[in-house]
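In what comes next, chain A is part of two complexes: it sits with chain B in the first one and with chain C in the second one.
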Partner chain A sequence: MASIIEVKNLSYTYDGDAQIVKDAIHDISFSIEKGEIVGIIGHTGSGKSTLIQHLNGLLKPASGEVLLNGKNIWDDPKNIKDIRFKVGLVFQYPEYQLFEETVFADIAFGPKNMGLTGDELKNRVESICDTVGIKREYFDKSPFDLSGGEKRRVAIAGVMAMKPEVLILDEPIAGLDPKGRHEVSAMVKNYREKFGATVIIVSHNMEDMASLADKLIVLSGGKLVMYDTAYNVFSKGDMLSEIGLSVPVVTKVLKLINEKNNDIRTDIFTLKDAVEYLCALSAGGKNA
Partner chain B sequence: MLKDITFGQYYESNSIVHRLDPRTKILVLILDIVFLFLTKSIYSLIVPAVQTVLILIISKVPAKMFLRNIKTILPIIIFTSIINLFYGNSGTVLLTVWYFTITTSGILRAVYMGSRIILLILLSSVLTYTTTPNDITDAIESLLSFMRIFRLQNAVHMLAMMMTIALRFIPTLVEETEKIMNAQKARGADLENGRLIERIKALIPILIPLLISSVRRAYELAEAMECRCYNGGVGRVRMKRLKYSWADLWAAFINIMFCGGIIAINTLI
Partner chain C sequence: MDNLIEIKNVSFSFDAEGEKRDIIKNLNLNIERSSFTVILGHNGSGKSTLAKLMNGLYKPTNADGSVLVDGIDTKDETSEIEIRRKVGMVFQNPDNQLVASIVEDDVAFGPENLGLTPEKSRERVDEALKAVGMYEFRKSTPHHLSGGQKQRIAIAGIIAMRPECLILDEPTAMLDPKGRAEVMSIITRFNRENGMTIVLITHFMEEAELADRVVLLSDGEIISDGTPKEIFSDIKTLKSTGLDVPQTTELLYQLKKNGIDIDTDAISVKETAARISAALHLEES
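What follows is the complex of A and B.
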């Protein structure tokens, strides 16, 4: 498969005083295949946000390059705006960027900047809202009258409305209640299924990463320490805890059981797999 | 881009100027500026020039920090000097172009005006470089405490508190603005191109979220302050009390001597 995003030897330091070594990134290279879900995990200040801001051209690399569909995004700096339509970036707490009088107008902001007008614009907004489950009766409401979770969904839909090939979300479920988290995860899933988009998620939540991501990028101190399948990354639990990260809770539970009973597997990272494994185990135990 | 905005440009150091009471620094600054404008010619300007250089040296703030301040207002200095260049009405005529004549006194006048602005900027930057914004507001509150006789002490306290809060939130707001700008850029907002009207319109998606978050922050802060039983200035005591020392007396004395020097040269020349 062709890689949609390729990062080659990317480095960036926040200029000015040398004291801001935090958030800088050094010599990062990886490539992401079309349609994959890739998670980025790392300690606070490990350079996650800096990295994703390079992928849609908000930051210009100090050295190295970012390729989108095989083309350096900075080949033509005047067209960097088009890159931002192709690589949609949802920032942390995106609900704070809402500004329009109605939900409809806010979601339409992105597509409008792309040059869509009239019916085309209306169809675009409606089709996105149908995909991600924002009901029509919300269209004329003020985004500021919505609940926290609803605001978040509207803000994310505002980026999705540009129909980016690559959707990057920075901590999309942080600070939401369980219902809100579920809804946001579902809308990302629906978007991906419908448009075949590539999704990159930055998160601290190891459980979500284990169940969502195909591959994980692990950053520490601005360097890429691992880029592998979720299974392989979480198998190296010791290495993760060394850099301030951890494995999913369910894996921790299995490890604790393993200390008492060495026959228990510890390479299970999602709740669903763990339940299946434990059920099979207890059924097997009864039969024996 | 926004990172370049320096406000409350305190420079950490441990000079004698840093240790002076902020009230002394404010009063002495006012005194020095008044006398700076009482100088009558470039000759009496020598006194405040020497005075300023001495203050800069003992403040232990690097010279490049002061140069940076002068650089920002360089256009104003140049503009003032050029205008004054043509106002010399005596001395030898050096050059006549069309209506304008440049004389030796004109050149002296231009240099005088220009250096007066430079000295003004240097003196005021000493205050901001050596005093934290919070110390400055404390000092203002203390200096205005005579308003008590008009029963306005609570108003003075509130004013000082508002200034403190405003200063405290400037970095937060700058950070917030940057975040919102990036978020709207990611949605294709164009902030750099277009005609004036388009550019002003492009600010709306940034200003509205910024305004809303400021109001939200204000509510949260007010609530947090009330939770800690803040109810205005009445009966409040300070953790850090301002206290005059002998150094303050000396600083005031020395500066008054310099001001006397200006008067002396003004009358002699």
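What follows is the complex of A and C.
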């Protein structure tokens, strides 16, 4: 499979203020394949936001390069706007950036900027809303009359409406209640499935990462310390806690049981898998 | 019972485009002195409004509703400062709460406004910074610190005013797991060691485990009120309000649903592991 995004020896430091070293990134390289969901985890200040802002050209590498479909995104700086349509970035708390009078107008804002008009624009907005479950009756409402979770979904749909090949979301579920978290997770999965898009998610929530991400990039102190399947990353619990992260809570439970029962598996990271495993264990043989 | 905060028949509503919106509906709630209460609720349930009613930032909009803080009615405008001094508030985003460019100046902002002498103020600032474990950063610039550290500075700024009660509105929502643990351990310590009254508003079910009492809010009304174990054992009610139980309790619940004879009254990782070990006849650690 071809890489859609390739990052080669990327480094960046914030100039001017020598004290801001914490958000810098150093010599980062990785590649992401089309259609994958990749999570980025790391403690606050580990460089996560700095990294994702390079992927759609909001920041320009101090050294190294970012390739999209094999082409350096800075080859022609005049085209950087196109890159931002192809690589959509949803910031933290995107609902703070809603500003239009109606939900429809807000979601239409991005595609309108890409030059879509009339029926084409209308179809685009409708097709995205159908994909992510925003009902037509919301179209004429003011975004400010929606609940927190609804606002968040409208804001994310606004970026999806540009149909980016790569969708990047920075802490998309932070501050939402459990229902809102499930809805946002589902809309991201649906977008990936329907359009075959690649998704990159930054999150602190290890449980959601375990159930959503195919692969995880782990950052610490601006360096890439692991890039592997979610399974392999969460198998290295000790290393994760050293850098201020943790394994999902069901894994913690299994590890504690394992202290006195060495044959209990500790390489299980989602609730669903834990339930299956423990039920099988209860039904017979510990080798289940 | 010795109640620090008494909320009596309180409603709070406002007009949105000519339409009356009821955020809090005829609500009654007492917060006992030195207790640790968690308020849970979905987005839009009225949690933050309730918090702001508790320190007089908002006043009840119905005539017969009242909020008493240590016996003082928040509608009494001459007591505003006294109430704010008794009940300190910490919000979600530390960046919006820090005002000065040096940590100790930021923490001194409150005490100086209370009219304390510079010496007294200095003493309070040092004490507060030590209490949150940020004394060594007193000369730093807040925006160079991590999210957890910034939130600890914001808490120090409130603690320096020596409030009797601390209300925290989703203080850990923007923090990484380490930052969350730091903030939670400070809150718990203030409660257990100094007897500070704590009201914590959160979405993180695991944080509710540390409280004496959990109040469940939905659409401006209290729908459950009990110990964390009581609240989390009623999975149906929680789910019907758009909330979840902690993944630990959910794991036990699903095992039970699959026919395993297991007690589901655990929240912490340790208790959950013990319940599973017992049900599966494993060695308990």
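Going forward, the second predicted complex is superposed on the first by the 284 of 288 C-alpha atoms of A that agree within 3 Å, B and C clash if a C-alpha of one lies under 4 Å from a C-alpha of the other, contacts with A are read in each partner's own complex, and residues count from 1 in each chain.
Operating definition for what follows: a contact is a pair of C-beta atoms (placed from the backbone, for glycine too) under 8 Å apart; a residue touches a chain by one contact, two chains touch by 3 or more.
Quantities reported herein were computed from a predicted structural model and do not represent experimental measurements.
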Will chain C clash with chain B on chain A after the two structures are superposed, or do they fit?
-> clash
Mind telling me which of the two, chain B or chain C, contacts the most residues of chain A?
-> C
Report for A:S11: first if it touches chain B alone, second if chain C alone, otherwise both or neither.
-> neither
Is A:T131 contacted by the first partner chain B, the second partner chain C, both or neither?
-> neither
Classify the contacts of A:N69 with the two partner chains as first (chain B alone), second (chain C alone), both, or neither.
-> neither
Would you sort A:S211 into first (chain B), second (chain C), both or neither based on which partner it touches?
-> neither
Regarding the shared-chain residue A:E259, is it in contact with chain B (first), chain C (second), both, or neither?
-> second
Is A:Q53 contacted by the first partner chain B, the second partner chain C, both or neither?
-> first
Identify the partner contact of A:Y96: answer first if only chain B is touched, second if only chain C is, both if each is, neither if none is.
-> first
Considering only the stretches 7-15, 79-87 or 241-249 of chain C, report the one that runs into chain B.
-> 79-87
Chain A contact set shared between chain B and chain C covers none
Footprint of chain A on chain C - complex, ascending = 16-17, 41-44, 92, 141, 144, 146-148, 170, 173-179, 203, 205-206, 242-244, 246-248, 250-251, 254-255, 258-260, 269-270, 272-273, 276-277, 279-280, 282-285
Sort out for me which residues of chain B touch chain A in the complex.
-> 3, 179-180, 182-190, 204-205, 208-209, 212-213
Note: in the complex, chain A contacts chain B through residues 16, 53, 56, 58, 81, 84-85, 88-91, 94, 96-99, 109-110, 113-114, 144, 158-159, 162
Chain C partner contacts - residues on chain A that touch it in the complex | 19-20, 22, 42-45, 92, 142, 145, 147-149, 171, 174-180, 204, 206-207, 244-246, 248-250, 252-254, 256-257, 259-261, 264, 271, 274-275, 278-279, 281-282
